[in-house]
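Letters A, B and C mark the chains as written, and numbering starts fresh at 1 in each.
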Amino acid sequence: MRSRRLIGDILLYVVVIIGFIASIYPVYWMFVAGTQNNQQIFGKLPYLWFGSSLLQNYKELMLNSGINIYQAILNSLIISLSSTILAVISASMAGYAFAKYHFKLSKTMFQIILGALMIPPQVTLIPLFILVSHLGLVNTYWAIILPATISIFGVYLMRQTFYSFPAELLEAARIDGLKEGGIFWRIVIPLSRPTLSALGIITFLASWTNLLWPLVILNDSSSYTIPVALSTLMGTQTQPNYGMIMLGASIATVPMLILFLALRRNFISGIMSGYNR
Amino acid sequence: MEQTVKLSTRKKPFRPFKRRTPYLFLAPFMIFFLVFMVYPIVYALVISFSKWQGGSFQFAGLFQYSQLFQDSIFWQSLVNVLIVLVIQVPIMLILASIFAALLNSKRLKFKSIFQLGFFLPLLIDSVAYSLTFSFIFAENGLVNDLLGLVGIHPINWLLNPFWAKIAIIVAITWHWTGYNIVILLGGLQSIPDEIYEAAKMDGAGSFRQWFSITLPMLRPLLILESVLSIIGTIQLFTEPFVITGGGPGNSTLSPVLYLYQVGFQQFNFSYASAIAYALAIIIAVFSFLQFRLTRGGGRDA
Amino acid sequence: MKSGKLTLTGITVLSTTVVATLGMAGISSAKQDTTQPVTLTLMSWNVAEATLQKDATLYHKLHPNVNFKFVTIDSPTNTYTKLNAELAAGVGVPDIVSIESSQSESFISKFPNSFLNLTSRVASLKKDFTSYKWGALTGTNNQIYGIPWDTGSSLLFYRKDMFKAAGINPNSIHTWSQYIAAGKKLTAHFKGKVKMTAGAINDEAMLKMLMNEQGTFFFNQKGQITLNSPAGVRAVNLLKQMYSSGIIKQVPVGTDWNDIISAFVNNQIATVPFGVWYVGTLETSAPTQSGKWAVMPLPAFTANGSHSANLGGSNLFISAKTQHPNTAYDFAKFAMTNTNALNVSMSYGIFPSYVPYFKSPMITESLKFFGGQKVFQIAANLAKNITPENHTGDYTTALPFIRTALYNALTNQQSVTAALNTAAQKIAQVTNRQIVK
């Protein structure tokens, strides 16, 4: 019985470790390849350790790649943060209205909003392209931020959250003479922080990794977000330096890793909030 | 939760607030929603019934849709993603279930480190990891080197329609399995220990327990995961865009990549809008199936 | 189309009218162009943009009242995306923009009133450019909307050292069948480690050169479909022969440009058939191979067949809404014909199509990288005999079908004729063009 248990334990660890290595190895390889030259990356044997071309790759990334990776990180941060803040604020306000007020067409409006969730984002790609061009916003932060402020899922999530918000608290506040806006900002919002941060994280992640829309609407390398900037790295006139491309990808990954380590708990609960509805 | 919902609707609240208050709360969202969502959705439909001619859109009836119906490239792109999802989604969910169960095991130590590892792929930008996989699967890339170590002849991954699809499938599976593990772990942790205790009393082994308790409890989550994965796969873009460019031939072309090419390389906005609406209908069908399935699965959410 | 005209975007019409009116005002005051301070906006991609920047500096020295603002885009594709957005919206269109020949007619036909009609302005220049360039700049109304820039006169770049090692006499290669025979010999000599050339199976570049060499293209001068003409069938049959004889190193289509470079850098291929613009790519990517390369004209189909073909090339267009049409045209003409400006072009590997310039020392010089060969002179001589390729306004629409046909024919999923016929029918169906019988 004990030996069976031991075998079971060994099996458990072996399988978990295999999965663990499969998960982290490509990331490790990406970082390692960023320090290698083409011969090492495509060499006969898989090179497992850091190479000596880091400085060369870095120099090429900064001088010849046609992109500025730090500018791209900055652009991505500005765009993702702004759209996340706007999305969380507007979605929680709307969710609050639907949860706590009775007004005309409340149900119909909510159903129309939910109905739009069924329509894939690609449908709006062409009209948005025309619309944003008309507004003269091509190559601006606003071109990405404005459409990303709509979080239908956010409205839904916040409505569910606010439903369970104790009505007594609201009424007590009203009796104390607080106005509706004051109740929302000073009582409801501070008490809903966990859900808000969860919503913030998933909105941020979605904005951070979005490729298609920025690819279409940003054509000036100084306005590129990280995904767009990385996607142009392969398009060189002369022989591509694959190590330089991997170094760019590695650098672009760092902010998200830092963010994750700083906000680990919120990340997990953010992702779960998408499911526990 | 159900309780409070009913309470708040049943009790007519006293109304110290002005009539316009709820609308003010709604306004920011609704303005964005109308301008950047409703208007484009309607406009896309209008464009899809038109044709660009002589510098403006002209009404063209069902022209684009009849073109689409006969467009073998579009159908192939659909078949491509269907093949990918039929293979990829089950493999990913099986892997996710296995690893979620193992990570939840009381006998496993260093759980948080392992969980961190499984979560890592999710934090890598999709273009960054697609670039990585395109190099890993190159002719002299890592995968062929590793195959060579065990005596397998190198495979021309990106030159062969079958292997190119496999490369895409491996890439997506790598990226998304961890995500599904996190969700399933959440589900597993919400199963009360007492149920397992009771099962143990009845003499059920760990495999029996897994099939008769764990799996049924996870079923709603698994259904939801599979539907979201299916919808996500139908909208596949970044991986074929970066790894294969849709090739070889059109063997890894996805509908959204095709939409991008039609819309922004050929600049045929009308046809691209028709593709987008066809995609919307297909996704709606899958969402409808989800609705039926989840009801069948006993979910009341 | 009985339902008549339906304008779907009120905004487009409105803004177009407003800006058009402003544009008219600009034209009426155009005479003052030469003295008033003028700022021109230019949009172009990487190398082309760098060239125009230097041209602008030269121009500014001659005309201090003219200043320039540049919009830098990283690739032609992204330039077109931005230009399309601006043209569709009628907002922010640059005064001058560069467009490749393959896309020029698409833009002219999609946005018929958006580019300045240059017909009378370029009338005196017409004979000075390689004649084939004008086709792509001419609308269906026979009006000219652009000024030609560079030519993609094609050459066969080859490795002298590899040919010598394999016992191949480059002077014996005149036809494609001799090329294939040489390829087999070379591949056998190097035991498959070196191939004749590299390419992606559904890349249209080779097909374009092979059809153009035979005096035709995907479309004829009337805009009818000639993809499945005997010339097209011959071209694809030849490609099929090349692929099946194993002399081509296959690369994935998404990364073919990079992979071909890697192939020659790593000594895996002995020839590259491409436009003269590839000189720069060879020189900068493989400096250590200096002296090992040489060029010859593309092989022909028959012993006395043509060796001239075009691949690529761009042009300059002026917005119809520019406030300064005369200055814009004057600068464009300067950049495309002035010797100093064209020297700048050459220094960036952009080979002009302005024939008087072909006598310039930069064209007649010997290139060290190519063992002292007068590469540009050879390209210039070939350029004069290039037949015009008609891309038509439907080139981008036709391309996916052409690539599919190539893939199906070269992977034996369809016969060459069947694959080309299918593609031609699809193109006919989508574009309403006729297939030449």
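Some observations on this one:
In the analysis below, a residue touches a chain if its C-beta (ideal position, glycine included) is under 8 Å from a C-beta of that chain, and two chains touch if they have at least 3 such contacts.
Everything quoted here is computed from the prediction, not taken from an experiment.
Judged by the touch criterion defined above, the protein chains are all mutually in contact, each touching every other.
Chain pairs B-C and A-C differ in how many C-beta pairs are in contact, and the one with more is B-C. Distance from the centre of subunit A peaks at C, each centre being the average of the chain's Cα atoms. Each chain gets a centre from the mean of its Cα atoms; for subunit A and subunit B, those two points are 15 Å apart.
Between the CA-based centres of subunit A and subunit C the separation comes to 40 Å, rounded to the whole angstrom.
Subunit C has residues 9, 12, 81, 88, 255 in contact with two or more other chains. For subunit A, residues touching at least two other chains, in rising order: 129-130, 216, 234. In subunit B, the residues that touch at least two other chains are 43, 47, 242, 264, 269. Residue ranges on subunit A touching subunit B, taken from their complex, read 8-9, 12-13, 15-16, 19-20, 22-24, 26-27, 29-30, 33, 41-46, 86, 89-91, 93-94, 96-103, 106, 109, 113, 116, 118-131, 146-147, 149-150, 152, 155, 160, 163-164, 166-167, 171, 174, 180-181, 184, 208-209, 211-212, 215-216, 226-227, 230-231, 233-234, 242, 245-246, 249-250, 252-253, 256-257, 260, 267-268, 271-272, 275-277. Residue ranges of subunit C in contact with subunit B, taken from their complex: 1, 3-9, 12-13, 77, 80-81, 84, 88, 106, 110-114, 200-202, 250-255, 396-397, 399-401, 404, 407-408, 411, 426, 429-430. Of all the residues in subunit B, the ones that touch subunit A in their complex are 1, 4-5, 7-8, 11, 13, 16-19, 21-26, 28-30, 32-33, 35-41, 43-44, 47, 95, 98-99, 102-103, 105, 107-108, 114, 117-121, 123-129, 131-133, 135-136, 138, 140-142, 145-146, 174, 177-179, 182-183, 186, 221, 224-225, 231, 235, 237-238, 241-242, 256, 259-260, 263-264, 269, 272-273, 276-277, 279-280, 283-284, 287, 301. Residues of subunit B that touch subunit C in their complex: 43, 46-47, 50, 52, 54-61, 67, 70, 72-73, 134, 156, 158-159, 164, 242-250, 261, 264-269. Remark: subunit C residues 9, 11-12, 15, 46-47, 71-75, 78-79, 81-82, 85-86, 88-89, 91-92, 255, 257-258, 261-262, 265, 280-281, 284-286 touch subunit A in the complex.
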